[in-house]
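Each of the next two complexes has chain A plus one more chain, namely chain B in the first and chain C in the second.
== the complex of A and B ==
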C-alpha cells in the first residue's frame, strides 16, 4: 500500500449508552477501493458518517492527508457521499443537482453547467439534464447521485450502500461502472455495504466490521481463503468450522483428534502445544465428494440438501459427531454427475492444505 | 360506477348536505340579495344592478380594496417571517416529544376570544401604553402605534401566528434529513442550506401558511377596527358601515362577493405557486 490518504486512528463513537464504533484503527491509501462490510448495526455507516463529518468521533482522530479532521464541520470537508437514499434534491433539475456542490464552491453558472453536463454525458445522462430527478428511473438517479458527488473532483468518494435499492441485474452493471470509474479516476472509494458480492467484486481491500469493531482487513481473496476468526468465517459462510485436540505438531501439518477421527490441518504459523483444544476450518470448495476417500482427511456423511448460487452448488452434509452441517461447494456440472439424492451416504474428503487454523496465515 | 362506490355513496351524503346548508345556500342567498333593493330601510326582492354599480363605481370602495389587500399581504409576509424561526427550531432542534407538546401549546391562544386578545394589545400599543412607557425609559419619544396600519398588523399577526407556525412546523418536520445532510456534504453551510435546500423544500407549507394569514387578515374586522382605528377603512369595515347606515345589506353583499372572489383567486394562485412543479 502506498502512503495513507485516510487514517482512522483509535476512533470510537458512542450514542448515549450505545457504542456504535469501538477504538477502530485502519488506514486507506491513495487510489484504493476499500469496502467496509458488515451486517446492520455493525458500525459501518457510523464510520462513514464520521469520515464525512456528519458525526464527530467520541474519541480518536480521523486524518486526511495527515491533517486532523477534528472539529471540521461536514461543509468544511471534501468528502462527498453517495447516499443510500440518493438524497437528490427534488426541487432541482438533474443538471442543477449535479452542479449543487460547484455552486456552493462559488463556481460561476456557465462553468458549473459545462462541468455538470460533461459528467452527465460521461454517465450517459446527457439527454436528461433538464428533467426533474423524479422523472428518472432508479438506475438513472443512481448515476445522477454519482455525478453530483464526482463533479467536484474529490480525492475520496464515500458510498453508503448505493446499490441496495437496485435489482440484481442493474446492481451488477453499476458495480462494473463503479469499478471502472474508480480505476479511471484513480481516486479513493470508501464503500459501505452489507453485500459480500458487492464488496468482493469491487474492492481492493475489504474491512469486515462487527459490533463496532474491525474483525478483519484484507483483500477479498485473503478474507475468502483465510478468515481471521470464527465471526468472519461464519459471515462469509464458505467454510465449516471444526474442533479438535492437538495430537502431533509436524513440519507442514498438525494432527488433531476430532469427534470424527484423526485429521491433518495445515500448520502455517500455528503455535499451540500438544493437547490443546483448537478450532480449525475447512474450505468448502476444496472438499471432494465420492464413494471412497480421495484425500487424507475424510468423513462419512449423509447428504441433506443443496442450493444453487450462480453456477456453483452448496451442499449441506450431516456428519455424525459434529453439530454444524459440513458445507461443500461444487461446480454445478460436477454436482450433476454425482447424481445424489437427499439421504444418500457419501464420503467427503479433503487434503491438509484445505484446512487451516484461524489467524495462522496472517 | 363500480359496486363499491355505489355502496359507499350514502357516506358522502353528510358532507354534501353540510356544504349545501352551510356554504352554498348562504352564498347563493348573498348573491341573490346583491340584486335586491332597499326601500324605506327594508329589503325588497328585486332584480337590479344598481348596488353593483353603486359600489364598484366608487373610488372609496377601490381604495378600501387596495388598503385591505396590502394589509392582508403585509400580514401574510410579517406572520410568515415571525413564525419561521420558531417553526425551524420546533422542527429541527427539539425532540419529537417537545415538538408535540409545543404544537399543543400553539392551540392555547384560541382558548381566549380573539377580541379579548386584541383589547389587551390596546394596553400595550396605546400612546401612553406599556410599550411607549418602556421606550421612554431608553429615551425614545412616544410612537403612535394604536389606530394605524401597524396596529392592524399586530392584530392580524396575533390572529394568524399560531396557525401559521403550526403549518410551517408540520411542513419543516417532514423534510428528509438526508437532504439537509447532503447539502452539508456538498459544502453548503447552515445559512446556504437554509436558503438553497430547506426553504425550497418547505415552500408548500410556507405558501399555505402565508395564504392562511392572508385569508384571516383579509376578512378580519376586529383588528382594523380596534387597533387600526377603522380609518382608512378595510372592506370588512366597509361592510359594517354599509349595513349600519341605512340597512344597505345588498351593497354589503356586493362587497362580500368581491371579497370571496378575491380570496378564491388568491388561493388558486397560492396553491399553484406552492405545488407548482418545475417543467
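== the complex of A and C ==
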C-alpha cells in the first residue's frame, strides 16, 4: 500500500443513545479499491456519510491527504458519492445532470458541456445526452450517476451500494466496468456493500464491519482463507467452526481433543497452552469425502443435503458430537462422481493445513 | 344480486350528488342566455344581451378589475409563503413543528363568518378595514394553506438524497434550493398559483366583511341580488364560474403533469390539494 490518502482515526458516531460507529480506525491508500462490507445496521453507510461530510463524527477525525475534514460541510469537500437511489435530478437532461458539479464549480457552459459529453461518450451514453434521465433504463441511469460523480475528476469516489437495484446479469457487467474504470483512472474507490460477491470480486481490500466496529481488514483471499474471528467466519460462511482442548503443541501443528476424537490444527503463531479450550475452523473446500480416511483428521458423518452455487456444491454433513453441520465445498463434477444420497454414511477427512486457529495467521 | 343493487345504488347516489351540485350552475348558465327577464320556463329565446349589459356596467367592470388586482398578488404571495412553509416542514425538525403545521393548515377549517368577523375586527383596529389591502391580507390567510398543501405533497415525492446529492456536488444549501428544490417543485408552484388565484377570485364571505366600498366580484353580485332579480346575475355567475373552473383545471393539469411523466419512478400523487380546492373553490 502506498501512502495513506484517507485516514479514519478513532472515529465514532452516536445518534442519541444509539452508537452507529465505535472508535474505528483504518486508512486507505491512493488508487486503492476498498469495499466496506457488512449487514444492514453495521455502520458502513454511516461511515460513508461521514466521509462525504453528510454526518459529522461524534469523536475522532477523518483526514484527506493529511488534512483534517473536521467541520467541513458536504459542499466544501471533493468526495463525490454515487447514491444507492442514484439521486439523479429528474428535471434535468442527462447532459445537465452530468454537468451539475461543474456548474456549481463555476465552469462555463461550453467547457462544462464538452467535459460532460466526453464522459458520456466514455460510458457509451453519448446518444442520450439530450434525453431526460427518466427515459433511461436502470443500467443507463447507473452510468449517468457514475459520470456525474467522475466528471469533476476527484481523487476519491464514494459508492453506496450502487448496484443493489440492478438484476444479477447487469450487476456483473457493472462490476467489471467499475473495476476497469478504477484501474484506468487510478483513483481511490470506497465501495459500501452488503454483497460478498461484489466486495470480493472488485476490491483490493475488504473492510468487514459489524455493530459499528471493524471485524477484519484484508484482501479478499486473506479474509476467505483466514477469517479473524467467529463473526467473520460465520458471515463469509465457508468454514465450519469446531472446539477442542489443547493436548499437545508441536512445531507445525497442535493436537486437540474434540468431541469426535483427536485432531491436528496448523499452529501458525498461535500461543497455545496445554489444557486450554479453543475454537478452530476447517476450510470447507479442503475437506475430502470418501468411504475411508484420506487425511489425518477424519470424522464419520451422515450426508444431509446439498446446494448448488455456480459450478460448486456445498454439502451439509451431520457429525455426532458437533452442533453445527460440517460444511464441505466440492466441484460439481466431483460431487457427481460420488453418487451420494441423503442419509448415506461417509468419511470426511482433511489435513492439518486445512484447519486453523482464529487470528493465528495474521 | 345484492352486489348489483349496491353498485346501482352507488351510481344513483353519485349521480344525484352531482346533479344537486351542478343543477343550479347549469340553470344559471342556461338562463344567462335566455331572453326573458325572469328565470322561468319555457325559455323565450337566445340572447347575449345580459352579458353585453353586464360588462359595460362600470360597477361590474370595477369589481372585476378589483378581483383580478387582488387575486393575482394573493396568488403570488400565497405561493411564495406556501413554499417557504412547506419547505420548513419538509426540511427542518424543530420544537413545536406539529403545532406550526396545524396552524398553517387551520384557516380553511374555520367557518367563513367567524373568519370574516375576526378579520374585520382585527383589521379595523389597525386601520385597514375597508381597504383593498384588507381583502388581500385576508385572502392570503385563506389561500396559503392550499398552496402549502400542494407544494408539501410535491416535496414528499422528492428523494431525500436529491438535496444531499446536490450538496455532494458542491452546491451550497442556497444553491441547492434554487437549482434543485425549486425546479423539482415547479409544476406544483404553478398549480398552487392558479388555484390560490381561483380561491381568492371567488371567495365571498370574508371579502364581504372586510372589503367595504372596495367590492370584489362576489360581493358585487350580492349587492345586485339585494336590489333586484336580474338575469345579469346569471351572466356574472357564469363568467365567474367559467374563469374559476378554468384556473382550477389548469392548476390540476399542472400538478398532474409531473405524475404522468414519471409514472414509473415516482409515488402516486396529490389528491389532497385537489379535494380541498373543489370543496372551497366553487363555494360562491
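By definition in this document, the second predicted complex is superposed on the first by the 362 of 362 C-alpha atoms of A that agree within 3 Å, B and C clash if a C-alpha of one lies under 4 Å from a C-alpha of the other, contacts with A are read in each partner's own complex, and residues count from 1 in each chain.
The rule is short, and it goes like this: contacts are C-beta pairs under 8 Å (C-beta built on N, C-alpha and C of every residue); 3 or more make two chains touch, one makes a residue touch a chain.
A quick note: this is a predicted structure, and the numbers were derived from the prediction, not measured.
Asker: Quick one: on chain A, after the overlay, do chain B and chain C clash, or do they fit? Just give me the call.
Answerer: clash
Asker: State whether A:73 touches chain B only (first), chain C only (second), both chains, or neither.
Answerer: Touch status of A:73: both partners.
Asker: After superposition on the shared chain, which partner residues are touched by A:105: those of chain B (first), chain C (second), both, or neither?
Answerer: both
Asker: Determine, under the contact definition given at the top, whether A:16 touches first (chain B), second (chain C), both, or neither.
Answerer: Neither chain B nor chain C is touched by A:16.
Asker: Please indicate which partner A:275 is in contact with in the superposed arrangement: first for chain B, second for chain C, both, or neither.
Answerer: In the superposition, A:275 contacts neither chain B nor chain C.
Asker: Based on the superposed arrangement, let me know which partner A:93 touches: chain B (first), chain C (second), both, or neither?
Answerer: first
Asker: State whether A:186 touches chain B only (first), chain C only (second), both chains, or neither.
Answerer: neither
Asker: Per the contact definition in the header, classify A:339: touching chain B only (first), chain C only (second), both, or neither.
Answerer: Neither chain B nor chain C is touched by A:339.
Asker: After overlaying the two complexes on chain A, where does the chain B footprint on chain A coincide with the chain C footprint?
Answerer: 52-54, 73-76, 78-81, 83, 85, 87, 89-92, 100-101, 103-105, 148, 152
Asker: Can you list the chain B residues touching chain A in their complex?
Answerer: Against chain A, chain B makes touches at 176, 178-179, 181-190, 192-193, 196-197, 200-201, 203, 277-279.
Asker: Which bits of chain C are touching chain A when the two form their complex?
Answerer: 159, 161-162, 164-173, 175, 179-180, 183-184, 186, 261-262, 264-265
Asker: Quick one: in the complex, what on chain A touches chain B?
Answerer: 52-54, 73-76, 78-81, 83, 85, 87, 89-93, 100-101, 103-105, 132, 148, 152
Asker: State the interface residues of chain A toward chain C in the complex, per the touch definition above.
Answerer: Touch list, chain A to chain C: 52-54, 73-76, 78-81, 83-85, 87, 89-92, 100-101, 103-105, 134, 148, 152.
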